[in-house]
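Across the two complexes that follow, chain A remains constant while its partner is chain B and subsequently chain C.
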Partner chain A sequence: MKRRRMFMNCVALLAIFALLPIGMAQADGHCEFADYTITLGNLAPLSAPGAVAGGIAMDWAAKQAAADINADCGIQIDGVNHQVAVVTGDSEGSPERGQAVAERLILEDEVDAMLGVYHSAVGLATMGIMEANQIPTVFSEPWNDNVSANGIREFDGAPPRFEDGIDHIFRISPASSMVGSVVVDWLLSLGVDDVVLIVENTDYGQPAAADEKARFEAAGATVSQIDVELGTEDFVPILSRIQARAEAPDVIRIIVTGETSFNLTQQMSELGVAPSADTICVTNQFAFQSEQYWATVPDGNYCAFNRVGIIPSLFSDAAVALNAKYEMEFGDIVPSFAMATYDAVYIIADAMERAGSYTDAAAIVGAIEATDLDLSQGRYYFRFGGHNPDLPEGTPEFMWHQWPDPIVTVMQYFEPGQSGLDAAVIYPEVYQTHGTSYIVPGTSP
Partner chain B sequence: MVIEDTLFILWLMVAGPLWATVGLFVMPGVNQDQPKEDQISKTTLQIAGVIGGFALGPIGVALLYFEPAMIRRTTMMVGVIVTVFATSQVLVRVVDPNLPSALWLILAGPLWAAIAAYILPRHYRELEADDQNVLTAAALGGFAIGPLIIGLMWKSTPKINRDWMITLGSLGAWQIYTLFAIQNPDNPCVLAPFSLTYLTQQTANGVVIGSIYSLMAVGLTLIYSVQGIVSFAHGQLYMVGGYFSFYFLLHGGNVLSDLTGTEVSINPIWGIPVAAVIVFVMGALFERTFLKPMHEGLIERAAEYAILITFGFGFVIEYTTLAVAGPFPQRTDRFIEIRRFTLQRTTITEDFAFGPINIIGDRAFAMVVGIVLIFALLYFLQRTWTGRALRATSQDRQAAAVTGINPTNMNTLSFALGSMLAAMSGAALIPIFAWVPWVGAEMVGRSYVIVVLGGLGSVPGALFGGIIVGIVEALGAGCHPDPSRGAAYKEAFALVIFALVLLLKPTGLFGREHN
Partner chain C sequence: MAVFNRFETAIDAGIGRRRLGYLLLGLVLLFFLWFPNDASQSNYAKTVFISGFFYAIMASSWALLAGIAGQFSFGHMAFMGIGAYVAGLIARDGFIIAGLGIQITPESISAIGAIIVGTVVAGLVGLVIGWLLLRLRAAYLALFTIAFAELFRIAMLTEYDYTGGSNGLSLRPLIEVAEVDTARQIEYYLMFALLIVCLLLMYRVVNSPIGMFLRAMREDEDAASALGVNVVRYKILVFVFTSMIVGLAGAIFYSDVGSERIIPEQLEVLQMSLIIAYAVIGGMESLIGAAAGAFISRYMLEAMREVVITLPFGLTMADGSDAFTWETGAWRFALFGLVMVFTLRYMRNGLLYPIINWFSGRDLVMKKTVSKRHDWDDDPAQLEGRDE
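And now, the complex of A and B:
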């Protein structure tokens, strides 16, 4: 009896092991994959001094996109399905490290395309490497105008960055000037004429501040700029200096990222510098991650912030689904750079399918230029590139290989602890959700 | 500028050159009724008369005439400070604003600092006088008062004691401040009468944050003083202390809420002892496991080993925390519900008001916590047997062992205590700053500066070093002529002071010589 039971147990165990692969194949969604897995390199800051929180979100988003594509039978090329894998390299937010990692991804991991990049300095430093190795690349977060503007300059041949006449670099995040113009237009519409810019000392912060400063000054406003280093924790001395001015500024605009911006915004609020009856507080898009924002800036009610990406009330099904997955993973609202990274994987996958190749860089670049795809952030397309190389008079150079339609809005919290999804969209008017372009501290819209 | 015009006119009328001349002629009369052996030299009396008259006018001359016992070196130095400051202020107002800069450069400043530093030590040596600190005093004095210091020290070759150094240092600081005021008349740090409030505000900012820096630095210096090693895990222990507090408050609050059925939140003050206990144990275990073999001579290259093993410990803590807590910034509730303390504006005269001064509530609380903990540590070190044993071990391990102290246990205790202090400062700061797993990097760099500035191994040195660094950073950022760069150079200001102190006193402010 005992021996028989042991025999039956062994049979059951063998049956389980025998059936397991079948079950796993079923779990793969009945797809048959070719041996070759298409590998995408993702550059993201996963260690300090880079923006680690941003890097981890981008890493997650790229891998989530790959998983979703694989669940849908991967990338189909010539009737064969290829799985997609994402290898993330840690740029640490440093240009030198970013270059080394990009070379490793291209030469050792032999990636077929690249995406990601959070810090502008890393984007600017690694572009040449991708170009020299003819790797199609879709940047999803660097904002420096030159990331895309360099493409047209070199496409025009001065000096040529690439011998084959193809620019392999695309960008789907906004250029700094696109964000700055919205914020500046909004503030000018409110009649501000005394502006303080607090700016991080990076390849993102300085050009962005220069652009906004030029726009303010062109409109006759007075601008004072205060530079800070990323990682600084104590801002009280400089805030006391602002407080000591004879007249409070009309607005304090924070062009600083990561936890540094949280510390700055909180200390500004604690000291009563802004937001106040006299001074508007404008912080950055990180404020949209409301869990993080309220955890670290508990006094930051009535601070406005620029937001990149579609407004919550207009989230598409894809955006809602992505947001749900992100919330499950991180307990917060999906940030724009995670959405953009997720979409970047899809843009590359779509281009490879249409090009019918994962190795023909020229064909893939051509396919990306011809992209017309609805994803989590909206409809993607590239107006200017090899397919349409003549930028009309007055069109900024950064529109080259640039997704022209990232939505940039200004939002504002008006209740402590409010979800970013419920914050008021106050500018541009077409997106306004509460019928006002500024909520005065202490009031409700 | 620094003081109102009317004050200067008043000064010119009642003091200044006129009364200096009066002092010069009147003061020798002091000796008339004195026996010869008690008489003060005529030159000394004349110098005192000139300084007293110049600085305080008739009051100065009268004071010195009727109370010649006041003619002491310290009093004279104070008089010189007042005189130099007042002169520079008058020059700023009466003469072309750029002229004083040129005059200062010719009459004092770097040129005279170099001349004095070259001449005076040689003169002292020729006379076989005590030349300790003469080089420093000569450089400071030359910088501050130019040829005057050469004449003074050449003639009387005084022994340079702490009073001299403080006086000459203060004079140099005044000179720099005056020059700064000339060049930056609109800077909030010199803009009278407002500058007093502003400087007080920035100094208060510096003292508050500096006290918190001190607490972390004290732990580092304690470990160094006993073990002779620098803990490269200190920043991570500070960071993890904050996280232990955060998770204790989070989960403790949840447990209490479940038990009571109402929303309960625990004040972050309770997170400090919790973090202290956990990190104390962590530190003790680490020391016993990885550092004890080094002290027992089982490690061949002990110095390198200590650096690498503590660095590795920090690395493990940081990345374990990143894996467990994630990269997103955290923060606990406030210590106190008062967002900021404000000393309201007070009108003193029609033209002069003081205030308001703002201090963020939680920072003030953390400062108090930091100072209490440092004094508790000082009490422990000075008044308890174990504390004395720690100090004895730090001074001479072998002698301590002979008296029955177990140096191995003292090593463990020092590392555990030092780690605990780092964790406590982390737990005290998590309600103030956004907390991420790499938050210790900036803080620990500053701690190294503080402990070397204060003197490696000196607890009071770490306390004052922290406060000095805090004040210098706050004033540097607040007074920098270019407001756009002040914040970016914040840490560099502390490094400048650090370099100057090391140049003048290589053992640090409170350090002792090590063999």
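And now, the complex of A and C:
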């Protein structure tokens, strides 16, 4: 009996192994594809001095999107399925290298459209190449306002760089001006008037601090700024200086990225400087990567942070599915720039299908302008472009070919070890998840 | 080895090494002149070459400064940045020298004018730095120049209202030709011509009495000074000269010839270490070696962005193909590092240096006067050979 059962188990196992390839072949072969594969070029920093971690996530996201589209029979043009492939070019975070790689993708790899770009400097430098070669492009991460501003003349005294307007460039990441105000508005709404900014001495830190400082001071708040170098590990002298003040500040705003920000937040929490009954702790968006955050900031409960990108409570099915894949690959919550890159591939694929072409740049651009698509970050559309060229008085120029609705929020942890997905959204009010604008340390919402 | 010796003898008896060298150099020059006219080459290939020419200027001028004059400076990229940033800021904002009543408005200065001002300012800063470095040697000199380069980079990063911070500064375009292919062709020849002119200028210096004084300074400053070499003058001279060369190259390259903007990250020590690596791989005691090392390294770093690997033994991938593409990312720098390790361990004078010296017919002499100079103290037999 036992031997018979073992025999039957072996037969069943063999049958499974024998049928598995057939099943895989069917899954693989359920779509007929045309010979031509549509190729998309993805510009991302994969080596220093670029932000390599961001580039790796963007590379993964673009290729995952291509795989998901192909699993759903690719891009259908005139009833024929075309597979889509993504080629990622390493911009190294440098305009010079970015320009060369953009040209390689366009001229050597002959990509049909472009996407990606992490660093604004690379976006600004490569725009001209995309325009000159008439390549429909959807940028997914650069924030500089000028990236999507129509007919921008960045260099005074020279003719406009794009005299006929930016025809081929779209952006689905927020412009810097869209991000800057949220944290300040939130803190001012709480009535803070004594602010300490701890700022990294980089392109991200200094302009962001200047913008926030100007906004605080315009509202009558007092601002002290302390600059730090990335890589600093000991912040006790700085924090001791803050502790020695006659009155504790209302808020310590950390405009520092990566490991350095985690070190700073931990030391600040450990010393009891903030978060405390008197002082609000506001760190940056990297805190949303909760695995990393709690591993290095175990005392960082009740710290607030800004978040760019859709909030977990609004995650669509597509976002949940993408997050699950990302977690499986990287063991953390999917960052906004990976979601945006994933969505950028879908926006281009959708536009090509509606344009009925992967070669007619004008038709694809027209189709992107007419995008109305629900993806992982929400509903995508472009208010201003060739289809609606007149920007009303007071509308900033960067709204041209700009997705108008990137979500920027303030979130706050209220339990140690809490997942970023469960953190409370506290501002703006419309997105609040726990009915409060601030969770006082030691309390529960 | 016997084959090589026979080849060597045949060449010496026939055309001669030096002539063969000139012939090959001529062919290389012809290739570079012909290259942009090859219809099968895309603008991307020309862009890579333009970048290669720029880094060739950077590496060869550093070879003059460090390899020949012995001033191991890390400030080279900073001087390049000074040329580019000053040219960009002058063209955008103009400038006023109140005491002299000079007022230059952005409208009144051309891209060429801005580049000249950038070059002169780089030279002036080189003058000051050269003067400050008079008493510093070896590690102290390196540390000073690192500090100077970082100071300049942080200033460019922090003063973002003027410099654009990490978003970079866009310079006034030098070539304003609407047709992209024609513009790229002009940019190619411009950068190539700049490389040739810079190499000729540096060659002239190296092969003049000044070059001899610089080498003497490198070997032993005190001894050179005792023998009558005005160390102060030549130290400052070499700093000013190389600063102006890289300032000019930077101002031209970032005037939309090779790139349309400069960013502070371009001035990082990491980028400087790449220049040093190019020069070391090519041969830091040879201008041509360093230039060729930089050009080939830049080309290889670009070519290795994607490597197609064909599977051996009839192996196939899941999709049935017998090859796959490896997007190397940062790995190509690791491979580049391996070449550097190999060079430093086995060919300290660079991979190209022995070839160049062989063609110039000076390989034996150079071997005895440069590479093995420290060994002579230990080996009297080699010391005797020095007089040959």
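Simple rule for what comes next: the second predicted complex is superposed on the first by the 314 of 445 C-alpha atoms of A that agree within 3 Å, B and C clash if a C-alpha of one lies under 4 Å from a C-alpha of the other, contacts with A are read in each partner's own complex, and residues count from 1 in each chain.
Keep in mind that, in the parts below, a contact is a pair of C-beta atoms (placed from the backbone, for glycine too) under 8 Å apart; a residue touches a chain by one contact, two chains touch by 3 or more.
None of these values were measured; they are calculated from a predicted model.
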Which of the two partners, first being chain B and second being chain C, lies in contact with A:I169: first, second, both, or neither?
neither
Is A:A149 touching the first partner chain B, the second partner chain C, both, or neither of them?
neither
Who does A:L322 touch here: chain B (first), chain C (second), both, or neither?
neither
Check the residue A:V86 against both partner chains and state whether it touches chain B (first), chain C (second), both, or neither.
neither
Which of the two partners, first being chain B and second being chain C, lies in contact with A:Q206: first, second, both, or neither?
second
Which partner chains sit in contact with A:V52 here, chain B, chain C, both or neither? Use first/second/both/neither.
both
Is A:V101 touching anything from chain B or chain C once the two structures are fitted on A? First, second, both or neither.
second
Regarding the shared-chain residue A:V111, is it in contact with chain B (first), chain C (second), both, or neither?
neither
Please work out whether A:V236 is in contact with chain B alone, chain C alone, both, or neither, and reply first, second, both or neither.
first
Once the two structures are fitted together, what part of chain A is touched by chain B and by chain C alike?
47-49, 52, 201
Please name which positions on chain B make contact with chain A in the complex.
188, 194, 198, 201-202, 205-206, 209, 322, 326-331, 334, 339-340, 358, 360, 363, 433-434, 436-439, 441-443, 473-478, 483-488, 490-491
Please give the residue numbers of chain C that touch chain A in the complex, ascending.
42-44, 47-48, 51, 91-92, 106-107, 154, 157-158, 160-161, 165-168, 170-173, 176, 180, 258-266, 268, 270-271, 302, 305-306, 327, 329-330, 332-333
The chain A residues in contact with chain B across the complex are 47-49, 52-53, 55-56, 201, 224-229, 231-238, 240-241, 243-244, 259, 262-263, 266-267, 270-272, 289, 291-292, 295-296, 298-299, 330, 332
What residues on chain A touch chain C, complex-wise?
46-49, 52, 87-90, 93-96, 99-101, 103-104, 106-108, 119-121, 124-125, 128, 132, 144, 154-159, 201-204, 206-207, 210
